[in-house]
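Presented sequentially are two complexes of subunit A, the first with subunit B as partner and the second with subunit C.
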Partner chain A sequence: MFPHLKGHGQRVNLQLLQEANCRELVQQLERIEGSKVIVLDEAMIGPLNLVTRPKLFADRGIRLLALKPELHLPREVTNVVYVVRPRVALMDQLAGHVKAGGGQAGRQYHILFAPRRSCLCISQLENSGVLGSFGRIAELAWNYLPLDADVVTMELPNAFRDVSVDGDTSSLYQAAVGLVQLQRLYGRIPKIYGKGEQAHRVWEHAKQLGRDERSLYNGDKGIVDQLILLDRSIDLLSPLATQLTYEGLIDEFYGIRQNKLMLPSEHFPSDGGLGGGAGGNIGNGSRADESQSLLGDGEMKTIMLHSGETLYAELRNKHFNEVTKLLARKAREIHAQMHATSQDKSVKEIKSFVENLLPQLMAQKKATSEHTAIAGLLHEQVNAVAFADDLAAEQEFMVCADIDKPSAYIEDQIASKAELRGVLRLICLQCAAASGLKEKLLNHYKRELVQVYGLEVLLTISNLEKAGLLHQQTESRAYAVLRKTLHLTVDDNVEVEPKDISYVHSFYAPLTARLVEHSLKPLGWQSLKSQINNLPGPTFEDFQAQLVGIGGRHTGATVAEKSLLHVPRVVLVCFVGGCTFAEVAALRFLAAQEDNNVEFLIATTKIINKHSFLDSLMGS
Partner chain B sequence: MVKLFALSIFHKGASEARLLKTASDLQSFSFFQRGTVNEFMTFASKTIVERTQPALRQSVKQDAYMCHVYVRADNLAGVLIADHEYPHRVAHTLITKILDDFTAKVSADQWPNGTEATISFDVLPAFLARYQNPVEADPLTKMQNDLDETKIILKNTIEAVLERGEKLDDMVSKSEKLSLQSKAFYKTAKKTNSCCSFT
Partner chain C sequence: YHFQNAIESEGLESNLSLIGNAYAAGRCTLEAELCADTGRLLKLQKTLSTKYNASLNGLSVHDTILGLLQIGELKEAERIRSDFKVPERRFWWLRILTLSEHHKWEELEKL
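Then we have the complex of A and B:
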């Protein structure tokens, strides 16, 4: 169903995860007898697309509806199944539906909470007096969902905020449950490394839950050799920095939702008879599927962006400047191939061309055309003066230029009442690069912000302070030191055909990626001992060994790792709090280096970018 | 311009070639020239038959003309005078054909002693006329031509298919433009003096 999840010759096959998740849903649905309709929380629509195809529901005669306060439920349906996140606010809508549909004889309501039920939600239903109308209240244990062949996500955009601002650690527990689920599918992970407070908590939960899983300890170690848990709070600069990879830029300007990009179709030359997927078509290839388009909008063109799209897979992780060159080269190649037909050819050759090469060539042409259009749009955005100025300011902070002074650029931005989110981004960036702002400077910014944006901005500032994005300077200048020791910024930056991961932000390598890079070296993090301790939170190491004998004693302390020369080790990197496409690109770059002999599987609470990261912290 | 001028059938005797039948199309020549040309062509045909061994085909260039000759083993010969562009294969096919036809219609005993007047074989002018257009007359050439035409249609159709969606040339120029306009994202951050920068 999702062939691209298998990847190319890699050891971890995420199609297994997708199938397991899909089975879970089907089993839950089959426990409910009779005709059904599924009502989805908006937050679940995307995840559903990652794991199922519309055909699954069409075959069973199940309609999909989006959860809205005023929802018209079809009369003849006996069962209404809500698939929702456990948010109390949503429960009121459900209660509303139940009361409105009051007279319906024989109708049953059910809830599948994803991923876990919440007592608060159930109490809310009870308080509304509708709990009795609900038949089945179950859990849909979708923790990690496969986003691509090497990325799994929990699709929790507010995870970082929930924990750091609201003190709600349920996402940490969920991450742990997810890790155990992954181990159930792919086997026990023997070696664990981690950095950061929340990362540590996730591991502690996972270890505990893992102990209860007999299967984890009875067999050989699984496919994954190592787990590295990284807390977002150890590196707050990277998610604030502007990404310069193709995928990163698309996400920052237009937003990629679960591998889908939607843009107004006017930017794309018409496809004639060969495609043009307006509306929510899922997957690449099955044109026969008429999708249940909950977002259906004929004005927009949907473009699938995942590793199954050959051209995109080539372009996505590259720096934008390299992408434009590649696209030009591709266009020329296609042009040459197509005009090769004009030479004298025998009928046989023409026939073979039409049957074999032509469809391929047409597909390549369509893809190149689409991406040239997208690149054109990005180019316009990137050449805007505002973007360039912002980028210059950002880059100066990242090299610690004048880091302790009030930035004239920021002050100008505030004075001209520029978009608050952008201003806060730069202030937080300065704070991250300076490893804290001097009290005087912080207060100065706060005063300016309040003067221009009003007192409400103080609430946001308070959130940012709780989250650790704004804080006062302590003695250690962790970033400045790490910048030198880990070469976070490089002087001789290379954007096209780079040799170093710093290309993802043109000249800056994300700290998290550098940490992972170092862990691959023979000494691992040992060589970083002193520097890594400058980062907040515990540095931890652990192992899960095989149990031997009935008593359940562990074997010796060391885990004998048979290092087969040509088999790459598999490292699961778990970002607790979100990661960016640039960080993913950096890790993919490392994996592509033969010398590293590694395959990464990236797990994250959500793929974030500078906008969504701040949005999650700014909301109430 | 493909053109046939004369078509003749000879019998190659021991000492000389005997003209049995001939047809010519001298429209392209001016009225006054025709007589001379006709004589010349007859003479040339006769000579060439005499000079060609039996069971042999030849195509001989003569000034602006090409003389195609086929002398059969039984000494029946056919000569076709055409211009240089007339396809040789078609010429020889025609000669073979008329010789076969002639053999069918005119008995062999008439050959050594017959003259134009005595031999009744009237289809030569018709053949000459028909074969003025080698494509129509000759099935093989016709097929080859049809094939060539089909290839051109195919090529045009494929090009039309390839142009579906965005015009290929547009795509090439758009992407070329983009790649040339790429700018450096990282300009080495200068240590700014606190001197004012009016933005």
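Then we have the complex of A and C:
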């Protein structure tokens, strides 16, 4: 149903996952008889779009509505199905609906909790006295949702905050359930490496769940050869750093939600009859259109951004400075091809051109013009003085320059009362790079912040402290050491046609991606172990061998493995607590290197960027 | 000892000493000190507000100084600066900003 999920030559076919998720929803819906209307929690609209298309519901005559406190349910429907995240606050809204629509005879209410029901929610319904009105209360076991051919996400934006600030570990459990689910689809994963407290807990949960499902591990090794579980808390610098890939920049300035980018349509040349405002993105236009009407946003243009769009797939992971050049070249190529035909004399050739090549060219031209417009917008932002200053300050921290002193730039930012989020980001960056701030410095920043932004800032700061983003200096200088041993910063950086993953932040290589890179080498993990000892959290490894007793097959398995040597290994990299597009880009870059002979599948709780990461932590 | 958060969200003047004590109990000396400062500031703001007929209540130290500078009360601003240990650097930022805002270029030059 989603062609972009099946990448070229990718060994893991995520369409399977998408179909499994979709099937689950359909099964749940089919168990409810009669006409239905689905009411969607706002947080579920995105995930739903990743798995299904509006057509699925249209075919079954199901209407979709967004969940709002005052909602007018169509009179004639007999079933109201709520698809919600298990959040207590939402239950009051549901109760309100039930009470308001109580007069309707024969109407049934149902709830599908995604991904898990919660006792709190149910008792909340009970307390408001409406639990009896609900017919089915079921779970929709959507854990990992396919985002792209090599990325799955849980779409839990607050996962890191929940665990580290609020102490709510349910997202870890969900991640574990998801891992078991993935193994069910794609087979047993024989080798597991991991680092970090939260990652370790995910794996403990997954092991436990796996034990209940012995059959899972009896079979042969699955498609995925290796699992690397990485904790966000081991690397808090990378999510705060400014991403300099095309995709990362788009996300930071405009926000990419479930592969969709919304921009004011005034920035784009009008599509001229090509399926109205949002059309044109071959094959996806109609889908974008419909989801747009669901969100009720007419002024915005929706652009699909995933590997299904050929041009975007090429551009997304490139450093922004390279993108402009690429776009210019693309435009020239198209121009040349368009005009090459005027010299061709034979009518037959022209005919075949018009029939075959022209539509392709037109699509290419359109995509190019779209991305040129986006790149132009980004260019303006990137060239702003503030952006350059911010970046310069950030990069100074990365190379550990003057790291223990109060930064004059940060002080100036505070003094001019710049946006709090940006200021905190820089302070956190300094803290991450220095592996903690000296007590005096930390207090100095705190005092400055409170004097300028008011006492409320203390609350935010205490959140950041709990999450480990701000802390006093510890003995070991983890970052400074690793910067040397793992070459986190590279001196001779090349942004165009890079040779090293550090290009994603101009010269800084995200620690997480570097860890993965090293673990690919023979005995890589063993040698890494001692190096990453001073990062927080345990380092662990595990093997899921075939169960003894099925024996005798073991030799056969190794032979099969040997014959597979030339086939790329598949490594599932699981980011517990979210990852950035820059990290994704870095991993894709590694996979593209010939001698690594590897293919990545990336699992994350959510794609984050420097803004969304801090926002999730700052809110109360 | 993070229960101070719960109290703080009330954000009321009368709670300030309570919060300050909570912080002190939790051995966050700096935070306690800042709470005490805020308490002092709120009192000061009240007197100033009536004196100059301006609304300064509830503002941060920084904004209070800014407000005072804008109505031209340099002396009061200086007093707050020394009272609350505002770094020179930031104070001059404010002075320059306000002076240029009011197009008092001659005074700016004198500085």
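Assume the second predicted complex is superposed on the first by the 587 of 620 C-alpha atoms of A that agree within 3 Å, B and C clash if a C-alpha of one lies under 4 Å from a C-alpha of the other, contacts with A are read in each partner's own complex, and residues count from 1 in each chain.
The criterion applied here is as follows: a residue touches a chain if its C-beta (ideal position, glycine included) is under 8 Å from a C-beta of that chain, and two chains touch if they have at least 3 such contacts.
The model shown is predicted, which means the values in this text are computed figures rather than measured ones.
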| request: May I ask you to decide whether A:447 touches subunit B, subunit C, both, or neither, giving the answer as first, second, both or neither? | output: second
| task | State whether A:88 touches subunit B only (first), subunit C only (second), both chains, or neither. | result | neither
| task | Please work out whether A:415 is in contact with subunit B alone, subunit C alone, both, or neither, and reply first, second, both or neither. | result | second
| message | Once chain A of both complexes is superposed, is A:120 in touch with subunit B (first), subunit C (second), both, or neither? | response | neither
| So, A:384: does it touch subunit B (first), subunit C (second), both, or neither? | neither
| said: A:462 in the overlay: touching subunit B, subunit C, both, or neither? Say first, second, both or neither. | reply: second
| query | Considering each complex separately, which residues of subunit A are in contact with subunit B in the first and with subunit C in the second? | reply | 412
| query | What does subunit A use to touch subunit B in their complex? | reply | 244, 269-275, 320-321, 324-325, 327-328, 330-332, 334-335, 338, 341-342, 345, 347, 350, 353-354, 358, 361-362, 365-366, 368-369, 372, 375-376, 379, 382-383, 389, 391-392, 395-396, 398-399, 401-402, 405, 408-409, 412, 491, 493, 495, 506-507
| message | For the complex, give me every residue of subunit A touching subunit C. | response | 411-412, 414-417, 443, 446-448, 450-456, 458-459, 462, 466, 620
| subunit C residues touching subunit A - in the complex, by the definition given at the top | 2, 5, 8-9, 11, 30-31, 34-35, 37-38, 59-63, 84-87, 89-90, 93-94, 97
| Of all residues in subunit B, which touch subunit A in the complex? | 147, 150-151, 154-155, 158-159, 161-162, 164-172, 174-176, 178-179, 181-192, 194, 196-197, 199
